[in-house]
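Here come two complexes built around chain A, the first alongside chain B, the second alongside chain C.
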Partner chain A sequence: MDKLKITIDNRTIEVPPGTTILQAARMIGENYPPAMCYYTPLKETGGKCRVCLVKVTQSSEANPRPMPKLVASCLTKVENGMVVENETSTEVLEARKGVVEFLLINHPLDCPICDQAGECDLQNLSYKHGTEATRYEEGRREFEKIDIGDNIQLHMTRCILCYRCVYTADQITNSRVHGVLNRGDAAEIGTYIKNAINNDFSGNVIDVCPVGALTDKKYRFSQRVWFSKPFYAHRNCDKCGGEAVVWIKNNDIIRVTSRKDKFGEVIKFICNECRFDHKNMNDWSIENVYELDNDSVINANKYKHVEESPAVNVDAKFVSE
Partner chain B sequence: MSVVRLTDRIKVMERKPMTFLERIYLPAIIKGMSITISHFFKKKATISYPEQKRPMSEVFRGLHILKRDDRGAERCTACGLCALACPAEAISMTAAERKRGEELLYREEKYAAVYEINMLRCIFCGLCEEACPKAAIFLQNDKLAPASFEREDFIYGKDRLVEPFLLKKT
Partner chain C sequence: MSKKILLQHINVPGINTLETYVSHGGYQSLKKAFSMTPDEVTEEVKKSGLRGRGGAGFPTGMKWSFLDKKTDKPRYLVCNADESEPGTFKDRYLMQNIPHALIEGMIVSSYALGAKTSYIYVRGEMMHVIRILEAAIKDAYRAGYLGNNILGSNYSLDLFVHPGGGAYICGEETALLESLEGNRGNPRNKPPFPAVWGLYGCPTVVNNVETISDVPWIINNGGDAYASIGIGKSTGTKLISACGNINRPGVYEIELGLSVEEFIYSDQYCGGIPNGKKLKAVVAGGSSVPILPADLILKTANGDPRLMSYESLSDGGFVSGTMLGSGGFIVYDEDQCIVRNLWNFSRFYHHESCGQCSPCREGTGWMEKVLHRIENGHGKMSDIDLLVDVAKKIEGKTICPLGEAAAWPVASAIRHFRAEFEEHIKNPDSCCKKHLHSEHALIH
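The block that comes next holds the complex of A and B.
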């Protein structure tokens, strides 16, 4: 089939049929809409958080009328000759500001305590699109902390109900025991009768969680993310391939996460054994410095990685703060 | 070896024999003593420091303090923003989780088990105070880090940084 032409923020690109506006915007690579629930590696995600709203000023070449309302770009398919306004439209930015305010209504804003702070999608989103102060004075939802197995802790207070972890457990692992209970304002992620998720890949729910609702229990409170230094690393693992990112502080591995692309999406899911059980430097072959966004707080007080000297298989002794 | 002269501004000193007034020495002594004695009656430029203290500016940035809240619980939650903001990298900390029953000791569910400021590194810029989201760290305007002979004495732990509980005004 022919490729479809779409113009987003005055930049035109040709994409294959079936592509969504969000994917097309990411292909352009600049000023793409943010996404809190849509996750490329997982099927059927998207359409829940509403932060990716865009304005369609021309539906298609055949039908040049604008769409009546803002649409969720992660679910709307591209049509030929579509014209989309993302950050050039004040209407979109206003709507996004409202969406961020709604997402933060029940969020406890305990970033100084939360382990996700510094690599949190909601923090970045509200920094870019939110307002400085909150207008909400009523009480926020409160939950007890739930342990999902030995390694994962669930803070429902921080959850924004993006459903990513539910889809991960559904699609990456072969049996799931947790899901969303109740409806609307009362909805929460739960494991019926506090069932432990005992699956080799259950730890990936930590990586897909855009906020600090699902956190690594062994990493809990041990370090702020910006005090450790991430490196690409690999080990021989027959379950997942063992390609991961290790976070090093004072020559100790304090955390292992999966590798993410520039949209913050996991490239390859890693198994629980790699994630939780191998914290020894000798278990891993350290590769390069993990590349982060230029404006990431994790880069603070660190020397910048130089492209010309790839430090492949650096001896563990030289990898220091 | 000849000396290379950089300028021609050379003043040749002449050694003349002393006059009579210079030789009797007394006028010079009187002149000098009068200056010295006149200083007895002038206002002193110094103060006797430990007993007397000069008024300090309201915005002076001195020794740090980790404040407690109204109930006496420590405000610091070991978020690490002060250490991140610190241009001299003087601050380091280790976080710990608050246990059941410690709610009156620590305000948040996480607290700083170890909190150290190296006063030799600190430049007293006050960026930690600005970065603190919990209004926990402040630079006092009436205290300085005292001098010491040992380097270890300048690493201030929580024992010397946390506001004393008894001195809290109710």
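The block that comes next holds the complex of A and C.
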């Protein structure tokens, strides 16, 4: 089929039919809309957080009637001749600022004691699109921490209800025991009757969680993420293939996560055995440094060079200057 | 006496039974519809100019013609009877008193759409209505109006009543379909619209109870006859559920185009305001539509008399107009507190938000908390602009219209009654103290 032409912020690109505005913007590669709930590897995600709203000023060449309308770019398919405003539209930026404010009014902002800090999508989003102060003075929503097994901690207070962990459990694991309970601002991720989430791939919910609501119990409070160095690594694993990222400090593997692309999306999900049970350097073949090139606190000019590690002899370079 | 279509026989004893309904011309439209092709039936509805009675006012015939008829998938008709808008109680009245009107409409409409299975999704709290409908459907099966080969026409239809789980959000058509499928009642992102991807991924039409109940009359009397009733593009009659400070609350069938003034003050309808009090404001179409002060509800900004029609009520846009909505007509006299009323509405939307998308989940709660503070004498002047801004940041940014439904009342109440909000904040004792001594204060 013919390619479709779309113009986003005055830059034009041709994309195959079926591409969404967000994907097209990512193909352009600069100033693409943020996404807190949409997740390419998981089907049916998107449309919920509303931070990816963009303004469609013309829907197609065949129907050039201007339709200035905010749409969720993660779900809206490109039409030929579509014209979209993202960061060039003040309306979009205002709307995005509003959504960030909404996401933060009930967020505890406990970044100083949150494991996700430094690699938190919400943190990055609010640095880029949020306001400095809040206008919210009412009480914040709070939940008790829920125990969902040996490996994962659920702290609902931080959750932004992106539903990613629900889709992960549906699509990656063989059974889902958690879901969204209740409604409105009382909605919560939960297992209804206290149930442990325990199957071979359950740990992936930690990786897909954009905030610190689902954290790794075996890593929790042991280290700030920016004090450890990530390396690509692999091991022989017949469950998941064993392609992962190991986070090393002082020659010890302190954490294992799955590999993510520049949009912060998991490339290949890993099994719980790789994630939680293999923390020995001998278990892994370490490859090169895992480059973080998305906007993130971890790589915000924090690391210009890496201290030499005797165990891994690689040309480590975190941020290209 | 204006034209009655739906409530023509409402006072006939036993009209809720099949026998009486049939003896008063019930189920006549079936024979006529089956003698026409489904497309001809749709064409007749198009000609009638009938518009969706659930609130949006979208032309019904056009909605039907969008139905994807090219696929091999089954098609469905779903009746939205999840009536839960504060102030609206017309569908319940119709279903519990003349259940066969809806069933007859469902059969004719399903035939027009080629649906072999249809559903009536009834609000879960209305259990008594569900029982009435189920009994009526049983009677209709027995009489051969439902089931296989209806009246020897080769057309077969199964009709099911489905109780909702008690959520306002399931009145949104895609949330309703999710709920009907057995899922959590979260609205879907659109497009695709239900006409292409509806129930179980099949083409589906979702219509309001009143809309579907209008169809038999249109088939019996012709689309042109229906179009001759009413005014302009607002054809036919509309059920209005009137409540609040009026002498005669209840459900009235009006011909569209009746003046609002006549509706409020005529003894045939609301019968005026009790105790000789003055009219203060009206919410004309259920809690979601903008509230209008007395001068703007009786006359448009241009000075023309305001009529009960889609066009006249929305005259002036959101600056000086409102919407016909679902027909929930709430009247306030001079003693009513707009701030308190708005807080009550906001509390409802906060409670009913599904929590799927961020602006509505967080914004509805925020607005309610600020309004609660103002109402209880802890407001600040900056809160008024904050409310306006929060409402603006919800409107148009959400998956479904619940966000707008929550934002419009706030925006309009502040637009038209800003002084009252300021008075609440400057002088909390004057108004709020009065409430503290009233029975309503017990809610706190």
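As a convention for this text, the second predicted complex is superposed on the first by the 293 of 321 C-alpha atoms of A that agree within 3 Å, B and C clash if a C-alpha of one lies under 4 Å from a C-alpha of the other, contacts with A are read in each partner's own complex, and residues count from 1 in each chain.
The rule is simple: a contact is a pair of C-beta atoms (placed from the backbone, for glycine too) under 8 Å apart; a residue touches a chain by one contact, two chains touch by 3 or more.
Predicted model only: the values in this text are computed from it and were never measured.
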When chain B and chain C are modelled together on chain A, clash or fit: fit
Touching partner for A:Gly184 - first (chain B), second (chain C), both, neither: second
First, second, both or neither for A:Gln123, with chain B first and chain C second: neither
Partner chain(s) touched by A:Ser222 [first = chain B, second = chain C, both, neither]: first
Chain A: partner with more touched residues, chain B or chain C: C
First (chain B), second (chain C), both or neither touched by A:Ile113: first
Touching partner for A:Ile160 - first (chain B), second (chain C), both, neither: second
Which superposed partner A:Thr168 touches (first chain B, second chain C, both, neither): neither
First (chain B), second (chain C), both or neither touched by A:Phe102: second
First (chain B), second (chain C), both or neither touched by A:Ala72: second
Per-pair minimum CA distance [chain C against chain B, superposed on A] in Å: 26
Residue ranges of chain A touching chain B (in the complex, touch as defined): 110-113, 117, 220-224, 226-227, 297, 300-301
Contact set on chain B toward chain A in their complex: 77-81, 83-84, 89, 95-97, 108-110, 133-134
Touching residues on chain C, where the partner in the complex is chain A: 167, 169, 184, 189, 350-359, 361-366, 369-370, 373, 386, 393, 396-399
Residues of chain A that touch chain C when the two form their complex: 46-51, 53, 69-70, 72, 75, 94-95, 98-99, 101-103, 105-106, 135-136, 138-139, 160-161, 163, 179-180, 182-187
